[in-house]
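Residue numbering begins at 1 within each chain, and the chains themselves are lettered A, B, C and D in the order written.
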Amino acid sequence: MKYRIKIGRTVFANPVLAASGTFGFGLKFPGVANRIGGIVTKGITVEPREGSPLPRIYEFPGGILNSVGLENPGVRRFRKEILPELRRLKCRVIVNIAGFSIDEFIELVDGLDYKRVDGFELNLSCPNVKNGGVTFGQSPRMVERITKAVRKSTNKTLIVKLTGNFIDPLKTAKAAEQGGADAVCLINTLFGMALDESGRHFLGGRTGGISGPCLKPFALFCVERVASKMTIPVIGCGGIMSGMDAIDFLSAGATMVQVGTASLVNPKASLAVWQALGDWCRRHEVKDWEDIVGRTKRQD
Amino acid sequence: MWIEQPILATHVKPGQFLNIKVSSEPDPLLRRPISVADVTGEKVRLVFRVVGRGTELLSRNRAGDIVDVLGPLGKPAMIFRNRDIIVCGGGVGAAPLLYLTRYLDKCSRVEVFLGARNRSQLILVADFRKLGIKPEIATDDGSMGWHGPVTEPVFRAVQKKKRPIVMACGPKPMLVDLVAKVDPVPVWGFVEQRMGCGVGICYCCGLRRKNGGYIRLCQEGPVVLLNEVEL
Amino acid sequence: MKYRIKIGRTVFANPVLAASGTFGFGLKFPGVANRIGGIVTKGITVEPREGSPLPRIYEFPGGILNSVGLENPGVRRFRKEILPELRRLKCRVIVNIAGFSIDEFIELVDGLDYKRVDGFELNLSCPNVKNGGVTFGQSPRMVERITKAVRKSTNKTLIVKLTGNFIDPLKTAKAAEQGGADAVCLINTLFGMALDESGRHFLGGRTGGISGPCLKPFALFCVERVASKMTIPVIGCGGIMSGMDAIDFLSAGATMVQVGTASLVNPKASLAVWQALGDWCRRHEVKDWEDIVGRTKRQD
Amino acid sequence: MWIEQPILATHVKPGQFLNIKVSSEPDPLLRRPISVADVTGEKVRLVFRVVGRGTELLSRNRAGDIVDVLGPLGKPAMIFRNRDIIVCGGGVGAAPLLYLTRYLDKCSRVEVFLGARNRSQLILVADFRKLGIKPEIATDDGSMGWHGPVTEPVFRAVQKKKRPIVMACGPKPMLVDLVAKVDPVPVWGFVEQRMGCGVGICYCCGLRRKNGGYIRLCQEGPVVLLNEVEL
């Protein structure tokens, strides 16, 4: 069986990506990055960002809350310091970008028009920033406008990362499709918060985003809801910890998957997911991804 | 607790830590960071206090159990040469200082101060003695050594030295107090911060620098120049 | 300290209720029901409903998925067989009602105009029915229309139970307020689904609703978001397993709480939550609920 | 496994089950239903097979451990008097039939049939013998007793009786096969179904009746007249 998958102009060696924000820039673990489908970088903004006050992470049964607040060096330092390093990687590199206006999104793709950048993931779903992020992703109109504007500026592969927070992702996925996206990624973290014993917000950023195993049933629901109604592929994300989790997302209709929180627990998690997925396919003599992708609906 | 892992034991340097999955279950999900307290042969020693569910589960391990450990992580502490080094530990903070002192003692003049709430909370005193160092003791209740915060004898010791360096580990209030007291003497401290990955890929462990920006504690730390960061 | 709380015309002895669908009709455990603030019944519809095919429950780290599908005897049999039994209870009884049209909601309140019914909770948020339920609760306009219509038909206490699925609960809570509700309850279960090893839906009803501990961070977020912007009280619900969980919801701005999934694990859970909450108040010498309710915002 | 609880032991009837919180942690969250296999003095006996995480955790209990148990739950099985009763157990399904047989044996004529995949999967044979009953054995691989499904010897036995009643517990396929084979003889069976609460408050354990509607298995069951429900 051929494991390759093409999305936009990019051919991925296999359908497992490291999710944005949970694998840095892939440089710490090139041995992992080079053996999975590719990596999605930490979100990059036009200006450098310090991120949220501490603490930034909270644990609860089944998942975590984070409020990193898009800490990143900004596009210029990313270009100068990180991009050259990324040339060492052999895998596909998708840069996750977060603009606070349409112009910023264009500035970001214009400023990253390098060969080493295989494509962009538009982060229209970060719950940890005041403007932009999830507020864009909650408006189908904005999703379409931003996608369209970016599409005009670049021929590179374009993934739109959507939210399940307070908006039907089918609406925003349709908008991204309309805007010319090559794929949508479902889903980013869900809104959440935690208090300490004195009733104060536990996280420095007050509220955060839910990720980890407990996100899976909801993310799977979103993927199934959206996938069969789209002409562009869906990338599934949310609580994938194992190869079987990945297969569930493919069954629900995802063409590829992203592994997030699992990498915090085990930096090799995305590779482990891919290996387990590959093993499963061999064991079940899967001939073609098409046999698995979307099989839930077909078996209903 | 002792972990037997030859490669780990050969490579781990003072100041570094391990990130431990305390349960094979998904809950608790995240690893727990624990500093290396000492290395003997092929064994790495960990000393930790049970404060919550993670450390409780960790403490349930018995000899022979296999633990899922990631490490060595973090930047090794600076090993200064030919300097006067004041080592200051508070409570379980004494742990990583043991291994550090073992290194420092070979190339600098080291004095060790250990503080705790009371006599029974003091740890590793005998182990320091085995290094040939007699730690000065301070307890909050006076049940052993100096009656009061350990930072006071440290302050007095610092004043007697030329260009001393303080290396400390302990609860946040102790570190804050220490930096203020000995100012402008440089204080290198082990900082504890909630961590996500421990390996620099999640940006959850930010520590604010006084002149702006965050550093990732799991990368630039856990031992950092306390004078430069906001605790 | 006085623990009583008044919502609409109903005085509750304390702020802990058993949530709908997770405590039957309160008749199995009168000793629990009579010592908490009150019970909310399993959802009642006009016609009897068989509910969803099996299995109806699935477990995952941090929570469960259920698709009971509103199995219930219908309003007539409820009136004939269950209502007389409910007279044995001394606590407040709120009947959770689920109509599939505005007329049905009116039929339900008209048919339940008995003294033993202290109030109604309009279920505009059930994810396990094809029409009505969450589809009503995703439309602020429908929420307002239904609430208004029911308000005209009854003077009893009126709670509107809202969803966090694909809609900002602030919008629907405002609509419920506008419609004349005495309180809103946040939140019902989140959409979710699970697959079995062959890629088929695990639940007989295909998709289900997420509840349990992992729902808490999201529910808490919803409560905080809504509570400070409303003139009517918010009842918090989602993942409350302990007294401390309840305090978190109060801190975030809830006036009362409902205990759901916890009762499946331990039928006395709601009472245990209330006892722990009471103990905590005594230990912290709380003089008035107002000291706790909404303290997070005040301490920010 | 034995649970010592005098009140429980006095009150629990054949056919009833306990709902057990296998871990004090929130995961796994739900209790696991296990039928009562026998009662001796103040002790309740449970026999279960490890099939997943819940039963695995339960099996880790050692003598003296305290378990969080809810019960007795469910409706006691009907104890028919002066009838010919054929008891049929498959695999671990033999467990609840032991306690049931102890009751039935006092007031009816009982014959017991136990089936399993092979000899080593057969359980409780000696315990039935201790009741003074010699169970007929059937194994799928012929390693002991009749070579084939246990439903066949049951079918033959049923034919010899006047107005017999079958009481069965085992895997779903066995129950389905049994009902079909002995039709129209009434078959009372222990049904397993995913449960939420086990106490009748969540409606998660519905079992479809042939003439429409669901019954709550934890209330009307777990022993139900199989001829009337959809398995």
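FYI, a contact is a pair of C-beta atoms (placed from the backbone, for glycine too) under 8 Å apart; a residue touches a chain by one contact, two chains touch by 3 or more.
In this text, all values refer to a predicted model and were calculated from it rather than measured experimentally.
**Student:** Which of the two pairs, B-C or A-B, is linked by more C-beta contacts?
**Tutor:** When the contacts at B-C and A-B are counted, A-B has more.
**Student:** Any idea how many Å lie between the Cα centroids of subunit A and subunit C?
**Tutor:** Using C-alpha averages as centres, the distance is 34 Å.
**Student:** Just the number, please: Cα centre separation of subunit A and subunit D in whole Å.
**Tutor:** Taking the average C-alpha coordinate of subunit A and of subunit D, the gap between them is 49 Å.
**Student:** What whole-number Å value describes the gap between the mean CA coordinates of subunit A and subunit B?
**Tutor:** 36
**Student:** Residues touching two or more other chains, restricted to subunit C: which are they?
**Tutor:** 58, 61-63, 213
**Student:** Listing for subunit B: what residues touch at least two other chains?
**Tutor:** 25-27
**Student:** Based on which chains are in contact, what kind of graph results: line, ring, star, complete or other?
**Tutor:** complete
**Student:** So in the complex, the part of subunit B that touches subunit C is made up of which residues?
**Tutor:** 25-27
**Student:** Quick check: in the complex, which residue numbers of subunit B touch subunit A?
**Tutor:** Where subunit B meets subunit A, its residues are 21, 26-31, 70, 193-197, 199-208, 212-214.
**Student:** Using the touch definition from the top, list the residues of subunit A that touch subunit B in their complex.
**Tutor:** 21-24, 28-29, 42, 50-51, 53-59, 61-64, 66, 68, 71, 212-213, 241, 261, 263-267
**Student:** Provide the residue numbers of subunit A that touch subunit D in the complex, in ascending order.
**Tutor:** Its residues touching subunit D are 61-62.
**Student:** Can you check the complex and tell me which residues of subunit A touch subunit C?
**Tutor:** On the subunit A side, the touching residues are 60-63, 65, 138, 164, 166-169, 190-195, 197-201, 206-208, 210, 213-214, 216-218, 220-222, 224, 244, 247-248, 251-252, 292, 295-296, 299-300.
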